[in-house]
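One structure below.
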Amino acid sequence: MAVSTTLCKRLELIIARPHLQIFAKLFETAGVTGWTAMKTAGGTGTSGIWREDQLTGADEHVVVLAIMDAAAAEAVLEEISTLFARYPGVVSVTDAQVLRPERFSGQPKKADQ
Amino acid sequence: MAVSTTLCKRLELIIARPHLQIFAKLFETAGVTGWTAMKTAGGTGTSGIWREDQLTGADEHVVVLAIMDAAAAEAVLEEISTLFARYPGVVSVTDAQVLRPERFSGQPKKADQ
Amino acid sequence: MAVSTTLCKRLELIIARPHLQIFAKLFETAGVTGWTAMKTAGGTGTSGIWREDQLTGADEHVVVLAIMDAAAAEAVLEEISTLFARYPGVVSVTDAQVLRPERFSGQPKKADQ
Amino acid sequence: MADTLSIAFTNLASPMVLFFALGFLAALARSELSVPEAVGKGLALYLMLAIGFKGGVSVAEAGLSTQLLVTSLAGIALGFAIPVLAHTLLRLTTDLDHATRAAVAAHYGSISVVTFVAATEVVKAMGLVFDGYMVAVMALMETPAIIAGLLLARVSTPAGEGDAAARHETAHETPWGTLAREVFLNGSVVLLLGAFFIGIITGPKGMVAIGPFVDAPFKGILCLFLLDMGLLAARRLRESAGLTLPLAAFGIYMPLIAASLGVVTGTLIGLDVGSVALLTVLSASASYIAVPAAMRMALPEANAAIYLTLSMAITFPFNLVIGIPLYAAVAQMLAG
Amino acid sequence: MADTLSIAFTNLASPMVLFFALGFLAALARSELSVPEAVGKGLALYLMLAIGFKGGVSVAEAGLSTQLLVTSLAGIALGFAIPVLAHTLLRLTTDLDHATRAAVAAHYGSISVVTFVAATEVVKAMGLVFDGYMVAVMALMETPAIIAGLLLARVSTPAGEGDAAARHETAHETPWGTLAREVFLNGSVVLLLGAFFIGIITGPKGMVAIGPFVDAPFKGILCLFLLDMGLLAARRLRESAGLTLPLAAFGIYMPLIAASLGVVTGTLIGLDVGSVALLTVLSASASYIAVPAAMRMALPEANAAIYLTLSMAITFPFNLVIGIPLYAAVAQMLAG
Amino acid sequence: MADTLSIAFTNLASPMVLFFALGFLAALARSELSVPEAVGKGLALYLMLAIGFKGGVSVAEAGLSTQLLVTSLAGIALGFAIPVLAHTLLRLTTDLDHATRAAVAAHYGSISVVTFVAATEVVKAMGLVFDGYMVAVMALMETPAIIAGLLLARVSTPAGEGDAAARHETAHETPWGTLAREVFLNGSVVLLLGAFFIGIITGPKGMVAIGPFVDAPFKGILCLFLLDMGLLAARRLRESAGLTLPLAAFGIYMPLIAASLGVVTGTLIGLDVGSVALLTVLSASASYIAVPAAMRMALPEANAAIYLTLSMAITFPFNLVIGIPLYAAVAQMLAG
């Protein structure tokens, strides 16, 4: 390739919107350098159907997209699998080629934060 | 890896919003256990440009994300390729690692539903 | 597989919404046959946190999804890496299986547009 | 006649038309001005709720005449006749594929709520009166054309094509339940008729309660909505790819033909002038909210860009600026 | 009594109830009619701002009595007592898991702003007066039940389960800061109380300035909002999976029981009739905006579909149509 | 003077300022209260449409004086002078990179519509009058500063950096067409001027038609919008990363300096007191809608967090609470 790309992990998380801050904190602690939350319009899962036109934020989901290196991905997955015991959600991880890989390698924060 | 992950398929579908219920039915029949529709802001394709600020829902698209096992993905792709003869759309399938793989293996419903 | 699929590239771009038209032009010039912009709800990155409920469009992002063949992906990545010198953004490229591959092979336009 | 016309055309300097023109010019000039989608939809809901409710209250005051029944039947008949006419004209003058042709025909058989609303303001400004039940007639005219369009799509399929289409349809035809829902339970039909009946039930007492909401700001909200319509119409026009000259011409002459049908029908069944004008406007207007969504469902193979551009970017502006005053003037001369 | 009831039930033919019914029936019949999410939220903000501000202005005019303090304490006490009662009834009559049970209980201890707003219109229509500070009492009753729900969730955890839960909680318990924020800084509490205090500070002068916004269109906006509520409630009902008969019954008898507590309390502390009616309505109503979001945070393992369906699709319609006039009539008989 | 000031500062207890404070405090305290984005944008459109239209109608009534031309030229001159001044001060007191410095300067040369709208309410409450065409002057002052900012960005690039930048720009410079569109066809310029001309054309007759929309609820809608502004401003402040003390200080002293320029200019060209006050407010205010979007396009390498935080979270609150009454009082003393 003319431009050189680097292999990274693309992590995609589907969670209830009210829990976004909890997972954002997880990312921050694990040294993930960035994430983007995407808006949804509806869906179905084990707990039935939902759609966006609800007044209360309780029944809304977001898709969170975060690109990180393999080490961060492993650490984050571990954390997420613990969180999933209490907070419902779906996660998937894909290989992805990125430009400027240094952007996606952060430093995990100390637990005492 | 400290947490064990399983290989699954991540299917991504771009369709007109009014057709969502038709593809949702397809997923249900094929035993896909869940999907999430994401909101869009605009796009271009063979039939020109569109953008969200339209009154009529006719000219709006959604991106539907569904994670499923390989068997379901094959069945669903087959169905989709038939539907695409009548309903326009774009589909792509990616390999993805997931936690809790049992969530993504459903039972197809009998056609006589 | 019962339906035959073809390997393509799935390119995902996270950029500031006001820059969408610049990248759309890039896609057009490179012969990308289509793209879809998705709405976001917030995120964090090297320049801090943002969220959607802002009046000014200046501080909003979109995720742009474009499926194309490998040749187009390479050309587009090259262009993007030049644009990234001036416009901030994140890009990732994933392998994806598609139906109807002829849809995703366009002709680049001459530079004299 | 000159007088009638000149009075009718004072409409051109009304805030309504001017705000539409502002939006239209802004989008043509590629300004980024835009109304958020949710706001546009909210304004449309308001207009339907308000016009439906006010129509109902005025029926509660005037009493229900048998005219309602006759006019409704006439309206529904127009909703079937106009698509057939439109379909024939499209076949003769354009090379649209059969699905798109049927879909376009359905749009012209249906109506545009905002065109109607704008027309009520013009009619009132001309000092004419109209029956409150015309709102119900409008609601009833909204969706029969969907059925007409689908029948045309099936009838008009050429032999060979038909076989292929038939095979598809066995597999993936839109179920009749879905279609019936689009026709009878279409969002705007439900809201217009629902608000109309609530207006009849609550009558003038209901008007005291919610009049300051449905009445006072009505024209202002219509202006804001028309600004948005101007933006949307001009953007469609700018981005329209498949719009040929014969198609654009159809977008102008079709409302005139449909209006002729409407004005004659209205006069024949003996409506008063204002109501004739409104029935004419309903005939001439083309749907850009209810029918497009239904056609996407029922005729997914039709080219949505064509029918949306025609109804929203050609016929709507034409009716708003030139059509409405023209139809009102003609109605006054015929029926006045 | 028959008279009081029949006057109260003229409510049934009000635009408010009729628009709610329109939405409810439309969604039951699977119409696609819908109000954009942003518009629904905007209307809710308007209603809270307006009701809070008007309450404040009326307090500025009437002066603050010591009754406010007594009523607030009574309201908060009800906010704790009702969840305990609800929790016990749920344990006896349903097989909900302990987290969902506690979450449902919290919803019934809290209040529904729109039910209150609709009740003020009914009370006014019956010729009764109520104290402006009832708005503040409502705001204060919104969130204490969240605490009650959480305490119930912890207390009620059975031994073995408790250990497991305890282990989780050490790792992932919702931090107290977050919880306190949900209770004291919940969006609707802040807006209601904030607008209430702004009403007190600016008084009648403030009303002159923004009265045409908070007053004139109020009932109309309430109608549009209730249309949306009807759509949402019926959709929930249609899509509800886990709703058993004992649960549905709870959604009807629980408001009646809570109302009894409320009407007795209100009479005992000597409120005037209108205010007793409103305290009764507050007791009977269940939250579907403030508490669900808080419960998603604090008790993520609870089944959100259950508590949303119960409060929004069963109890809200019941209160709006039957509860409010009934409670008002009873209040009038007891306290009148 | 003390009197003038104390009258001006009764503004502090107006619903407008109180709702802004409510939003600000709520967001500082981390309440989740929020106004949906689409609603906020809708309210902003309403305010621009209404203020533009009302200005036009008042010009239709008063006639167009030559003062409009002089004032417009003065306003545009201020739109170029203020960025130059701001740019110099930023270079002397902060270490912003050259692109961000130029972008910030452009924001202060432009204006804030809501600050202007709030100021018209204060000026009216003080019993002062102002010319209707001040709305047009505001619209004309909105975007020239964008050009000023871009020129400053090019001029100020240091030699070595300049070469690198030059190379970039050949490749990816924002095309002039895009820029011209931002300046002349910017959404708020188009809406303000468009509504202004519609007001002139339709005059008092137009006001009769849509007055109940643009007039009656105006202050109330402004309050709701200011609640949203308070929330957004405080959230920016809380999340702002790069905000240093010299920058924050700039956000306070820069409006004071620009106001001095404005009040002197307005007095010199002989405006009446109310108009001087408004020109002062325009000078002092900084854009947070039109210019940020333009700067994102034209100077993508500038740090958006800096210019948004400064104009929205520092200068806007300062002007709303302290600036407006202060400028009005000074204008009254100088020009009264």
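Just a few scattered comments:
Each chain carries a letter (A, B, C, D, E and F) given by its place in the written order, and its residues are counted from 1.
Throughout what follows, contacts are C-beta pairs under 8 Å (C-beta built on N, C-alpha and C of every residue); 3 or more make two chains touch, one makes a residue touch a chain.
Since this is a predicted model, take the numbers as computed values, not measurements.
If you take chain A and chain B together, the chains in touch with both are C. When every chain is reduced to the mean of its CA atoms, the largest separation from chain B belongs to F. Where chain E touches chain F, under half of the residue numbers in use are shared by the two copies, so each contributes mostly different positions. With chains reduced to the mean position of their C-alpha atoms, the one farthest from chain E is C. The centroid of the Cα atoms in chain B and the matching centroid in chain F are 46 Å apart. Averaged Cα coordinates give chain E a centre that lies 41 Å from the centre of chain F.
We define each chain's centre as the mean of its Cα atoms; on that basis chain B and chain C are separated by 20 Å. In chain C, the positions touching at least two other chains are 38-39, 52, 94-95.
Of all residues in chain E, those touching 2 or more other chains are 34-39, 41-42, 216-217, 293, listed in ascending order. You'll find the chains touch as A-B, A-C, A-E, B-C, B-D, C-F, D-E, D-F, E-F. Put simply, chain E touches chain F in their complex at residues 36-39, 41-42, 45-46, 49, 53, 181, 185-188, 190-191, 194-195, 198, 201-202, 206, 209-214, 216-217, 293. The touching residues of chain C, when paired with chain B in their complex, are 1-3, 5, 8, 10, 17, 20, 24, 27-28, 33-39, 62, 65, 67, 94-100, 103.
Within the complex, the chain D residues that touch chain F are 13-15, 18-19, 22, 26, 29-39, 42, 216-221, 223-224, 227. The touching residues of chain E, counted against chain A in their complex, run 34-37, 40-41, 44, 168, 171-172, 228-229, 231-232, 235, 239-241, 288-289, 292-293, 295-297, 300-301, 303-305, 308. Interface residues of chain C facing chain F in the complex, by the touch rule stated above, are 16, 18-19, 22, 47-49, 51-59, 82-83, 85-88.
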